[in-house]
Amino acid sequence: MAKLYFRYGTVNSGKSTSLLQVAHNYEERGMSVLVLKPGIDTKGKQTVVSRIGSSRTVDVLIGEGDELTPQKISADTSCILIDEVQFLSADQINQLLEIALLKNVPIICYGLRTDFKTKPFPGAARLLEIAHGLEELKTICRCGKKAIFNGRKLGGDFTSTGEQVAIDGENKVEYEALCGKCYIKLVGPLTGK
Amino acid sequence: MAKLYFRYGTVNSGKSTSLLQVAHNYEERGMSVLVLKPGIDTKGKQTVVSRIGSSRTVDVLIGEGDELTPQKISADTSCILIDEVQFLSADQINQLLEIALLKNVPIICYGLRTDFKTKPFPGAARLLEIAHGLEELKTICRCGKKAIFNGRKLGGDFTSTGEQVAIDGENKVEYEALCGKCYIKLVGPLTGK
Amino acid sequence: MAKLYFRYGTVNSGKSTSLLQVAHNYEERGMSVLVLKPGIDTKGKQTVVSRIGSSRTVDVLIGEGDELTPQKISADTSCILIDEVQFLSADQINQLLEIALLKNVPIICYGLRTDFKTKPFPGAARLLEIAHGLEELKTICRCGKKAIFNGRKLGGDFTSTGEQVAIDGENKVEYEALCGKCYIKLVGPLTGK
Amino acid sequence: MAKLYFRYGTVNSGKSTSLLQVAHNYEERGMSVLVLKPGIDTKGKQTVVSRIGSSRTVDVLIGEGDELTPQKISADTSCILIDEVQFLSADQINQLLEIALLKNVPIICYGLRTDFKTKPFPGAARLLEIAHGLEELKTICRCGKKAIFNGRKLGGDFTSTGEQVAIDGENKVEYEALCGKCYIKLVGPLTGK
């Protein structure tokens, strides 16, 4: 019985690099992988881009209301890999679990846990609840501690207001991985939100 | 900098046993632990009870609206342990993270991820989003596979309707840990809920 | 395909408690487990004893030269659990891996990584090399940090000389879990040994 | 107190890629890393090379008898990364633990657990015994299961004889990651070795 995995991490924790490495591992053995990504994320258009210089075309962009059914998965698929999975809906994550179980194909999802206000993304929240395996990709805060949050900067300053989705590098928006203490200090308290 | 941990597992995965073991480990070294539990859970009243025969009095029951502040934690506390953490509110989990960070005391929380409908409990959902460490306590389904869901039985039959909270052993309610495939077969699909 | 697991930890990290909990989890579902232990370890004779008050009879004591073959495992065994696994030989661990693979029964081994001189035990060394899964059971040092070593005390004082095997509680021998820094301070450096 | 980590995996499990990603994570934050490698490994000379197309110069090659002392580590080093760590000696690993503890700098080591005969490499064996954290980088066998062993091919055929060290791609030597069952089938049994 195949499993559904969530490899979560903050921004810049190497999620896309890990996805590209897994795709490479399967393909150099002659096995077929299916690489998916939500259409909402326009960074790099229809590609998965790693900050250490590698990239790869996404096989299918998943639209907002798309239903993910076992019938859509080719019989020769050995592994399904999903980048920026946090943008999927809870229902789409349910569908992924059913595909893993019924089609017997492992699914490895990469994404953020929370947004710049520490609020959950829909796809991430559902994966944290039902995935068979939760694996952290770690990176460091500016202070050297393990980062757990994603701070948003607007024109260089941290902000705690705005829409949930704003793409990195567009409209002066940037993200920075922060530990709990630095987040509270630089962005604000978690409580009372 | 101390951390906030979530050790999650299905029913009967040994969560209370693990909590009692950690408490024992600290106390046999002469260190002080604080054992907390939400007041909502009436099983075993003000005790943590392990199915393998051990038990221990809870130091403080946490009420629904209680605020958990650093000031309430005695300076000699080496570790805070929380049983049935899923019943806490999201805000109380935020407060726990702030206590771990500001008071520099590790906090280990034990609880379920989801209810019998696979919907999240409030405290669990927030811990999955912000805890420093997510660690699974594993157990098996009736089929021998790893269990990830909690089925509810009413008078011996699985049910998918009812209130989120119903205590095990009261009013003919029982719980059974199930893998994804057995849950879908015995309780119903995840999708379309 | 079943797997071979090594759940390692220092003295007093809850290894026996975890074993007893897993046995309970299988048995309350009506499945059969086989509990094994090396004959060399005489603590508690033919029982697994947890410090939090639970215990259980060992099904078979493993002798020094015993060969562990698939034929010896009853067909209805759902899980094999081994306490104090560090005392097995490398060959016996190889045999365990073959049983897990060929008999398709999961094997969960509990034991120490290293002795009081930080030198490996034979069974532990081999498990660290070939087990499918390495999982740590954590406990704390007297300083509050995570313990990774086992200090031996003789009549209350730490010692760095003596035989590898000396049973806790006999002949004034006691063990204490220590972090790296405290081990170096209280027992001596790792280098130059 | 900083820690010593061992990220182990079979050949082609993405160890170098992970190392390069961690180096990148530190450096894009303006922190300094030290990348080390045993001199014995001549693949790629003084570079760390990832199969997905990235690479980086090694700062220092470690010679066979070299002593690794805290004095040799620059005060501004935020993290030490070591590739092909299995080739270091047990003593050098002891020295690394002391550096992590006394210099308070995290050390992340990447390497294989065992050779093509499933026998341990010296540096790997010692890390498995004393590292604070053991983390697996996973890849798959030709059969789709998780690989745990490294098979050696000579001119295309698996072999179970030869020296421990033979560099991939030289003298018709190649390596292939294998699961336990495929290793036994293609190379031979573990027992009786």
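The first chain written gets the first letter, and so on, giving A, B, C and D; residue counts start at 1 in each chain.
Basically, contacts are C-beta pairs under 8 Å (C-beta built on N, C-alpha and C of every residue); 3 or more make two chains touch, one makes a residue touch a chain.
Everything numeric here is computed off the predicted structure, so don't read it as measured data.
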### Task
State, to the nearest whole Å, the distance from the C-alpha centre of chain B to the C-alpha centre of chain D.
38
### Message
Suppose each chain is reduced to the average of its Cα coordinates; what separation in Å results between chain C and chain D?
### Response
26
### Summary
When centres are defined as mean Cα positions, the distance from chain A to chain C in whole Å is 38
### Query
On chain D, where are the residues touching two or more other chains?
none
### Message
Building nodes from the protein chains and edges from chain pairs that touch, which of line, ring, star, complete or other describes the result?
### Response
ring
### Query
For this entry, which pairs of chains touch?
A-B, A-D, B-C, C-D
### Task
Using the touch definition up top, name the residues of chain D that touch chain A in the complex.
12-14, 17-18, 20-22, 24-26, 28-29, 31, 50-54, 78, 139-140, 142, 144
### Summary
Counting only contacts in the complex, chain D reaches chain C at residues 1, 91, 94-95, 97-98, 100-101, 113-114, 118, 120, 124-125, 128-130, 132-134, 136, 145-146, 148-149, 179-181, 184, 189-191, 193
